[in-house]
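Before we start, here is the structure in question, set down as structure tokens.
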Amino acid sequence: MSTSGLAKLVFLGRLEDIAGMGELAVTPGPLEHILAALDPALAVELLGERVRMALNGALLGDNEAVVLAEGDELAFLPPVSGG
Amino acid sequence: MSTSGLAKLVFLGRLEDIAGMGELAVTPGPLEHILAALDPALAVELLGERVRMALNGALLGDNEAVVLAEGDELAFLPPVSGG
Amino acid sequence: MPDSGAAVRLLGEGFSPAEEMATFTAAHPEAGGIVSFLGQVRAEPGAHAVEALELKHYAAMTLPGMEALAAATRKRWALDGLLIIHRYGVMRAGDPIVLVAAAARHRRDAFAAADFAMDHLKSQSWFWKREKTASGWRWIEPRPDDHRDRARW
Amino acid sequence: MPDSGAAVRLLGEGFSPAEEMATFTAAHPEAGGIVSFLGQVRAEPGAHAVEALELKHYAAMTLPGMEALAAATRKRWALDGLLIIHRYGVMRAGDPIVLVAAAARHRRDAFAAADFAMDHLKSQSWFWKREKTASGWRWIEPRPDDHRDRARW
């Protein structure tokens, strides 16, 4: 499978463990369509209220509608660990 | 002159410059007698209100009467420089 | 960013805090005071001993975030120089994790800048940490302290 | 004072802050964080350039005072270790004057302890300073800031 024509999801921190991978190439489109195609247990975690999203390195607001275009990178960021 | 039987004055900071020496061996006795024997210009500086005194390494209170015994060391401490 | 006098590095390999401090100090002869913070992997004996610590970063955001923090720190205090070095990857007891150094003419500026940078690095930087103990790897959650620390400023 | 974990030194010769920090850090693997302050003779160009700085101490009081300050600092914060090194004698631009380092489990303790120790070292320690410029040697008077700094605690 070539990644051209695709977008990318990035799973950080414990989300990588839950996803079983750090990145996933996906077909561009509205985020809800993309999540619907994932393992529901993972989708629930990705939508957790403490998980933030960043599109191409820029944080998204809480209720922003997300539609991924070709080449976009959408990261799911759980709370940082601090310390 | 031997220093046995004597006490010592110590001049710190700019007081050393004014005294022209860092230390002076003096005859034991009440401080006012010792100061009376010094150059009056130096005595005035030593009694300046910002100059503190320490007897054998321990700070003295503002109005303590000082009588030096043999072997005592009385230091005159101008304000420290901070920085 | 040589012009801003801030050096920010995100490293996948170990570094020598002493060498970094010597270089930073030599580069700032005009500064009267240099405050540094060094964070290292704590060596703890016993059953809860951490055998290894891993920090993960996110390339698109972690270093840019550190650079923005450095710029904000320099803007807020009068500094001659600022150094921020942070590790990612797997580390063991005694390994340095983070070094922040602030050089300033006035001591208070150097203390405040290093303290501010550390509070924000710890609470806002994009790092995820997991620790390996006898019971395996475990992800570390944020502490309430981190938010309290950041709220000081 | 090995038992108290505080090392206090009054030195008539130069020292290497980087080496001292490396030694101190290696001695405290249990500490998560180490905060240091390094004060050095400022290199300033131009007519007001300080060619030399001399610090005088008083043997009967200066080191004992530093040791009392170290004990008070360790009592006030939870530290794994505390290092205080101070020079006396004649120094030139770039020479280290004072190094304070505090190692602690918690970052905030290390910052506060180093800051506290510096404020009191500067305002209360028995050192008298004179500077040599093009116009000769001049004794340095205390600054109002020193008392303000100390009053913070």
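Annotations
Letters A, B, C and D mark the chains as written, and numbering starts fresh at 1 in each.
FYI, a residue touches a chain if its C-beta (ideal position, glycine included) is under 8 Å from a C-beta of that chain, and two chains touch if they have at least 3 such contacts.
By chain, UniProt protein names: A, B = Molybdopterin synthase sulfur carrier subunit; C, D = Molybdopterin synthase catalytic subunit.
Not measured: the values here are computed from a predicted model.
Note on connectivity: the fewest steps through touching chains from chain A to chain C is 1. As a whole-number value, the distance joining the C-alpha centres of chain B and chain D reads 28 Å.
Chain B and chain C have Cα centroids lying 50 Å from one another.
Averaged Cα coordinates give chain A a centre that lies 77 Å from the centre of chain B. Residue positions 39, 122 of chain D each touch two or more of the other chains.
Across the assembly, chain A contributes no residue in contact with two or more other chains. Contact annotation for chain pairs lists A-C, B-D, C-D, with touch applied as defined. Chain B meets chain D in the complex at residues 10, 12-14, 16-17, 54, 56-57, 73, 75, 77-83. Only residues 56, 58, 60-61, 64, 122-130, 139-143, 145-146 of chain C touch chain A when the two sit together in their complex. Every residue of chain D that touches chain C in the complex is listed here, in rising order: 17-19, 21-22, 25, 29-40, 42-44, 93-94, 105, 107-108, 110-111, 114-115, 118, 122, 149.
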